[in-house]
Every structure is written in structure tokens, then in C-alpha cells.
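Both complexes shown next keep subunit A, but they swap its partner, so subunit B is in the first and subunit C is in the second.
Now for the complex of A and B:
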């Protein structure tokens, strides 16, 4: 990792040059929300002016650039009695601009899932290798809780990371590709003041978090609360629409579907991103559904995010961006669910072991 | 259970050619091809009951045929191009590299397509995936195989293994229960298992018809017929989830340690390699950590059975 400092005007020139000659995705305001604030999304950009460098957070994550909502895995071509299978990994080089630390952490978690198991996914690998990631830090929104999940800083998984220090960016350059590009532009060695400003910036970010979720020991809590009525309560609110999984940066569950071409001369195998909240997620052939109730499926999603991976890899896959909370049509967000879970247990603890003044 | 994930699927060192080759240090790891299937021809289709058919598959490419090594208990992903993929447990002899046998019940989209297939049709398989029954660990002990209904399909693979290495095991019992006498699958092999593999076979049905002369009732009733040394017995249980609970609880009461009872779970898998999460139970994947679990792990999984 090399650290450099670049002025904001020079940085715009750099982005401009990069964006002009490559396919690039950057944050752009696409709509206005009901509170009057713009809604951002990662959209194709062709010049630096189109990018909103001071955006807050995008509505959906950058996940779909690595795991598309619909991805063709292979094609079959039928001859008379026989068929041929074609597999193509299509991954044109891509530049992602302005990812937040939580987004980059989410991609690192996806790396863990997709590449580090016994069966690495070549489709994901092809896309991941061909993507150039420029990260940027930001001041948290009131409902972000990535600090609670310890995902508000990022140390790897990007090519270039920019921290905003007034009229300059403090760059962490993490790949030779990024350095080769940047050599053409005016870079400065970070001075003592710049270092101080960076530390100050980090401190400000750390202190601006207003939402906190206590996740220590959460796996045990979830185990204890497996049959809690809370899941029923939140399950009754849940509409089972799957919005949360679509915007989540780490939800990667998918279904494989196969369909014939219209001319019946071939077929394609596609994977579709799926959501564990959809009703047929755990349905097996013959019609038995292992999780028929809304509450069961909602619980499953929380278990997968906060417990499953803690049991397997000693980390939780939630990054705390609260996109699911913002996208939820029924106003369910992880903060409320987890606090509800904890509160019930803690109030219960009081009745088990009464405090001294109550006895 | 966990160390089995690191054993290569289907590696048989006696006949594995790469054990003799010098190691290739440039190659970082042996990665299984998981995105492209092996082309198979349906060489024979046997109708064994009104609902089930036995398919004999032969991988067309001889090189791929050698590559496809499995261990008893593992499953493969069967793909009918255009219709989709389904996980099917392998129920053939793993020393037989020429043919793969799979027993399929007509239940869903893919299996219905398979039922319409004629002899000579070409399908694709990926795999083998998943964990296997620890047959080596069972050596020198009694083996108790309990199968209910279609559960006989995955049990057939360890049966063949035991038949091939019969001298390594002590008494082998096969308890097989079904709803009706006509649903007792592979009845044409019963004599072979009894006489050639020297397996003590006991069958039972729930709803007998006029022709049935054997035992009637639930499968747990068969345990009254014989006695075994629980301390030196391994159990393999395959069947509907309700059966696991009854049989494993009974065997637990008899004194078989929980880590010596193995069950084979079923879920709808879409990828077979721990990516799609469709088969996740609690915090484990049925495709990676299973389908063969010891009863201890299954007990600790919520929603498992």
C-alpha cells in the first residue's frame, strides 16, 4: 500500500481520463425520495461531471455487478439426439467509482464465500479479477450501523481508496494498476498536516455514528431465541417480497433455472438472485416446504446474516449498511429486530434473577 | 465429520493414477470442474415400481469416466438440458467405473422429464458432491443399515462397498421398511444381498396386502427380532425425516454413540457446491457438510428433522 495526496481538481481529471476509456459505474442521483432527498444508484457514467462524489449512500449495492440478477451460466444447443454445452465467462473490464467502506467489505465477504470454498465460482472470479475498485469514505447516515459490525473501515479489497481531507483526497493505493494510472497525474507525498487531517477525518467518522447494535454474543442469543414469539411478531409484518435481499450487499443466495429457447433449438441455464424470504425458498420436490411461515423465513435471513457465518467463519456477513431497513416496505429493520430480541431476553433476565432493590 | 470435507471426493489410492505421478508444484490446487457437466448416456432404464425407475448412466468420454470417482453416500447433480437440475444420490457400486446407477422417484420437474426419457438419451451430470459414509472407520464393527422407502437408494452404495470388502466387517444387518409390499424396491436383489454379501436382511411393511407373509408394522419393531452389541455397531439410517427421529432415538437408547449413527438429509439443492444456500440447515450446508451427517450434528441443527 502506498499513500499519496491529490488535489480534488486533479482527482476529477484522473477520474475523467479513467471513465472516458472504460466502462465505468459511479453513483448518480436517479430519483427523489418522498423526503425530498435524492436517491442514488450505481449507474454507467461517461464523465466525471456525472458522478456525485458527495453522495450519501446508494439505494442498492454494487453486488449486482459481480452477481447479476440474472446470469447465464451455460447454453445448450440441441442436435437430433444429442446436445452441446457451451460455457462462457463474460466479464468485460469494469471500473467502480465511489464504493463506501461497507460496500468494499461486502465484496470481501462475497470473495470469501464465492472463492475460498472447495468449489470456487469461475463466473464470480472472472468478474472480480476484471473490476477496478475506487473506494471513498463518507460521513454515516443516521441509520448506518456499520461501526457496530466493525465494517466502517476497510483495509483490502480495493485498488484505490480516497479519504476526503478538505480540498484534497488522501489516497491509499493498493495495486500497481492504480499506481500506473496515477503516475500521470500530480501526486504529492502526504505531509504531516495531511496525516493529521486523515486521522481527524477518521475520528469524525467514527464519532458520527448514532445507531448502535450490540452484536457481541449474538449467535448464542439467536440460538436461545430460536422459538421466540418475536419471530412470529415480525413475520406477521413481513410481506415476503424479497426487497431486502435485492438491495443487500452480501445476500448471494440464488436459484438455478433452465428454460428452452423460443425456437426449441437450445436452452439456457441461468442463475437468478433469490431471496430466502420468498415462499418457495426451501420447498422440495413433492411439495414439502421446510419453512412455510413468514416468521420462519425472516428468522432464517437473520440467522444466516448474524449467526450462520459466525458459526462457520467466525464473522457475520452483515456489514451494517441498513439498506434492507430503508428498502423494506413493512418498515422492518435489523436494528429493531435485534434490539427487540435482546430486550425480551434482558427483561426476562430480571425476573429470573431479581435485582437487590426488588427483593 | 469435518475432516471428511478435506478428503478428495472419490479418491481411491489403489487405482488412482495420479498417486504415481510426480507432484506438480506449479498447480495450486486441484479444482473440480463444476460449471460443465459430464455427458452421460442412459444405457438402461429399469422400472422397479409404479413410482420409481432405476437409470443406468454411462459417461460418454472415457477420460471423464475415469475422473468420476465417488464414495458411498455422495450425490450427483443430474441435469436434463432444458428442464433443470436436481440432486440425486448415487446408488451404485463405487468400484464400478463403467456405469452409474441412480434410482429416481417421479416427484418434480426434472424427474418427470427423466421418466419420459428413452433408452439412449443423453443427460449431463456434475459431481460427485458432498460427504460420504465413513466406511473405513466402520471396519471391524457391526454395521446396521436402516432404510425406509426410497431410502434404500443411498443405502445401496454402502451395501455394495460392504459386499466388496465383506471380510473387514462383522455382522451386517439391513432393516428395510416400506408402506406397501409393492413399494419394497430392489426385491430382485434381496437374495443376492443375503447370500453373496452375507447381509441379514429384514423387511417390514405398514399396510400389508393379501400376498404379504412377512412382518407388519413400523420399522422400529424389527429391532425386537435380533440383538446386537451396541458398543461395536455403526448405524446408517436413510429414509423420511420422521423415521430418523424414531430410529435414532431408539438406537440412542440402545447405547449406540451418537457420532456412530449416520443419516442422509435431503434438501432442494440448486448448485450442489455451497453457493446458492438453498439447502442450508441452521448454519451448515446439506451439500458441503452433508448430505451424510452424524446424528450428533443433526441433533444440534435447528429445523433439520
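Now for the complex of A and C:
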């Protein structure tokens, strides 16, 4: 890693040059909510002026730029009684600006799942390799809990990371590509004062978290609580609408569909991001459904995120961005669900195991 | 036709309109890019939007519209007797549709409002499954041509056909749309069956539920959300009643 500082004016020039000549996505205000606050999304940008560098958080994550909601895996061409399969892995180069540490950590988790398992995904690899990531730090929102998940800082998985130290950005340059791009612009070596400002900035960020979730021992705890009535309590609220999984930066579950061309001369095999909360996620041939109750489906989403599945090395895959909590109309959010589970167990310990009678 | 070594047959299809705007049938003559290929899969026996020829031998009958006159009942029963597969085509046929709005006011008042003093025979609007058994429902106002194409291709290639079971929110989130609840509106997306590509919310217009309820949708939680957000329950009820797709839930609630 190479460290430099750059003035914010010069940084805008750098970004402007970058996005003018490449396909780029950055945070943009797309709407104003009824609370008067802007709603941000990662959207295509063609100049630095279009980017909201001081944005708070995007409603959806940047996941779909690596795992598109619908992706063609292969095409088939039919001729008489035979067929040919065509597979394309090409991904055009992409610049992604303004990702938060939790977002970059999420991509690092997806790397584990998509690239380091027994069947690495060439589709994911092509996009990942061809995406240039510029991260930016931020002060946490009141409901961010990435610090609880230990995902509030990041030291790999990006090309360039910018810490806001007032009039300047403190740059962590993590790739030769980023270093080469930046050569054309005015950079300075970090001064003693810049280093102090960086440490101060990190301290401020760390101390600004107001939402904390106790995740110590959570995997074991979840195993014990498999039959807890708490799941159905939250399941009763769940609309099974999949919004949580769609906005989540690490939900990667998908279904695969074959779609014939209308002229029947070809077909397309497509990957479609799905959600374990949807009614037919666990439905199999014959119409049998392993998880017909929304409480069970909700539970499995929490298990995948906080207990971990074998497919992702039993790692917790939640990064604590709380996008699911914000998107949920029924106000189901990790903090409340996990606290509710813990609370239930604590009160239950008191009622079912009193001290033995002395008599 | 031959496909991968299997002989495949064109679908002998007929389409009939009852009380409706014929917009759903018209959809089948749209989407020009794939129209020749689509028509290539069909043996059209009776379909006045597409062909002037009329034959009475068909396997699949598409029924557009709801039933609002007694003569329509007889006509529908005759089609049912002929068709091997009868499809409720569009929201009017599936649920009663927009036509059902008139069911809320006395029949004479409705006639007077539209036709003045002219005598018109009419009755409350009903969905076609109230009259005859229905084999397949393709909801939508109008139907999605892309979805109909997939269904017809599925019939021709003998592949299973499934409409999405989940709510519109899935497609809406995939479009990166701002949730219309965040803008202070009541949207029926969370309870409505997907498959429309969330076309209305993408155009910043709330979902009015033209595709009817999603499978196992959570109606009690939805009402609770509208209440807790301080939104109008009357507005919610008005929207739920618009296409009559949620009649079972509304009846149950009252």
C-alpha cells in the first residue's frame, strides 16, 4: 500500500478524467424521501459533477454490478437434431466510485464464495477483475452496525481508498493501476499533520457508532435457538417480498432458468438472483415445499448471515450495513431480531432453571 | 415443425372477447420484433384482432373480459365445451377487473350514469371462473406479451409453465426503484403477484394489483404496515378493490 494526500479539488479532476473515459458508477441522489432526505443509488456517471461525494448511504448495494439480478450464463443454438452452446465471460471495464468499507468487505466475502469454493464462477471473476474500485470512508448512520460485525474498516479488495481529512483526501493506493492513473495528478506525501488528521478521522468514525449488536458466540447461540418461537413472531410480520435480499450486498442465492427464443432456434440459460424469503425458494419437484412458513424462511436467511453456511466457510456474511432493515416495510432488522432472540433466552433461563429448593 | 428431433405441433388457438377493452388481445398483435416468430407457433382458428378467418375447432381458448350479461354466459359455456384448455386472459377474465367497480352501486344507477334513459341489459361483473372451470390464469392489465410468449413456447415445447409466485417488490428492487412507501404512498407491490417487471412503480405510479395476490402473501402484516406508517386505509381499500383481485381478502376482512 502507498499513501498519498490529494486536495479535494484535484481529486475531482482525477475522478472527472476517469469517468469521462470509462463506464463508471457512483452515488447519485435519485429521489427525495418523504422525510426530506435524499435517496441515493449507485448509478451511471459521466462527470464528477454528477457524483454526490458526501452521500450518506445508497439504498441498494453495488452487488448487482458483480452479480447481475439477471445474467445470461450461456446461449444455445439449435440446428435440426443438434445444438451448440456458447459461453461468454467477457466483462467490460468498470469504475466503481464511493464504496464504503462495509461494501468493499461485502465484495471480499463474495470473492470467498464465488472464487474460492470448489466451483469458481468465471462470470463473477471476469467482472471482479475488470472493476476498478474507489472506496470512501464516512461517518456511520445511526443504524449502521458494521463495527459490531468488524467490517467498519477494510485493508484489501479495492484499488484506491479515500479518507476524508477536511480539505484533502488521505489516499491508500492499493494497485499499480491506481498509482499509474494518479501519476498525472498533483499528489503530496502525507505530512505529520495529515497523519494525525487520519488517525483522528478514524477515531471519530469508530466512536460515532450508536447501534451495536452483540455477536459474540452468535453461531452457537443460533444453533440452540433453532426452535425458538421468536422466528415465527418475526415471520408473521414478514411480507416474503425479498426486498432485504435484493438490497443486501452479500445475498447471492439464485435460481437458474432456461428461456427459449420465440422462434425456437435458440435458448438462453439465465441466472436470476433469488431470495430465501420467497415462498417457493425451497419448493422442489412435485410441488413439495421444505419451508412453507415465512418464519422458517426468515430464520434461514438469518442463519446464512449470522451463523454461516458450509459454502462460505461457516463465515458470517453480514457486513452490518443495515440496508435490509431500511428496505423492510415491516421493520424487520438484524438488531431487533438478534436482541429479541438473546432476550428471550435470558428470560427463559430465569424461568426454567430456578435454584433447587433447599428442602 | 421439428425441434431437437421432436415433432412439435402448432397451438390451435382461438381468442374471444367478453366485457372488456380488447387491450389484452391487442397485446398479442404487438411486440413486432418477435411477432412473426410468435405467430409461427400458432394455428389461429378464431381471433378477430389478427385474422378474419373463423373456425370452430380449437384446443386452447383465450377468454378476455368479465361476464356482465346473461347471453355471455351461454356463449362462454359453448366455448368451454369446445376448448381443451380454457385460459382466463387478463385481469377482467381472472378477477372481474375494472368492470367490477360498478358492482358497488345499484345496477340501474350504473346504467343511467352511462347510457341515460336507454334500456341496457346488464348484471354485476363476475370473473369467468364463477361460470365455467378455468385451466390457466394469465393476469395483467394488460397481459405482458413477454409472459404470454413464454407460456406459448412452454406449451409448444411441453416445458412446465410457471408464473412467478413472489410479490412485485422483487422486480421493483431489481430496477433500483425508490420504494413508493418511502415517498408516502400506498403501493400494492408487496402483496401483488410479480411478472410485470414492476412497470408501474418504475414509472413512479403505485401498483394497483392488476395481477392479483402473490402466493401466500401476508395480508394482515400489509394492513398493519399501512396503519403504522399513518397512511390511509381507505386509500388502501380503494386500490385493493380496483381490479377486484383481492376480493377474497377484503370479504374475509369485513
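Everything below uses one rule, namely that the second predicted complex is superposed on the first by the 344 of 359 C-alpha atoms of A that agree within 3 Å, B and C clash if a C-alpha of one lies under 4 Å from a C-alpha of the other, contacts with A are read in each partner's own complex, and residues count from 1 in each chain.
In the analysis below, a residue touches a chain if its C-beta (ideal position, glycine included) is under 8 Å from a C-beta of that chain, and two chains touch if they have at least 3 such contacts.
No experiment lies behind these values; they were computed from the predicted model shown.
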- request: Examine A:200 and indicate which partner it touches, taking first as subunit B and second as subunit C; both and neither are also allowed.
  value: neither
Message: Let me test your reading of the model: by the given contact rule, A:113 touches which partner, first (subunit B), second (subunit C), both or neither?
response: first
- prompt: First (subunit B), second (subunit C), both or neither: which does A:122 touch?
  reply: first
- prompt: In the superposed arrangement, which partner chain does A:78 touch: subunit B (first), subunit C (second), both, or neither?
  reply: both
Task: Scan A:256 for contacts with subunit B and subunit C and give back first, second, both or neither.
output: first
- request: Examine A:39 and indicate which partner it touches, taking first as subunit B and second as subunit C; both and neither are also allowed.
  value: second
- line: Intersected contact list for subunit A, partners subunit B and subunit C 78, 81, 83, 258-260
- line: subunit A residues touching subunit C in their complex are 30-31, 33-34, 39, 41, 43, 59-60, 64, 69-70, 78, 80-81, 83, 236-243, 246-247, 258-264, 273, 275, 278-280, 292, 294, 327, 329-331
- prompt: Where on subunit B does subunit A make contact in their complex?
  reply: 5, 31-32, 34-37, 39, 79, 81-86, 107-111, 120-122, 124, 266-268, 270-271, 273-278, 280, 282-284, 288, 302-303
Query: Can you name the residues of subunit C that touch subunit A in the complex?
result: 1-5, 8, 34, 37-38, 40-41, 149-150, 153, 156-157, 159, 165-167, 169-170, 173-174, 176, 178-179, 181-184, 189-191, 214-218, 220-222, 224-225, 228
- line: Listed in rising order, subunit A residues that touch subunit B in their complex are 73-74, 76, 78, 81-83, 85, 87, 113-114, 117-123, 223, 226, 252-260, 267, 269, 271, 274, 276, 281-286, 290-291, 296, 300, 303-304, 307-309, 311-312
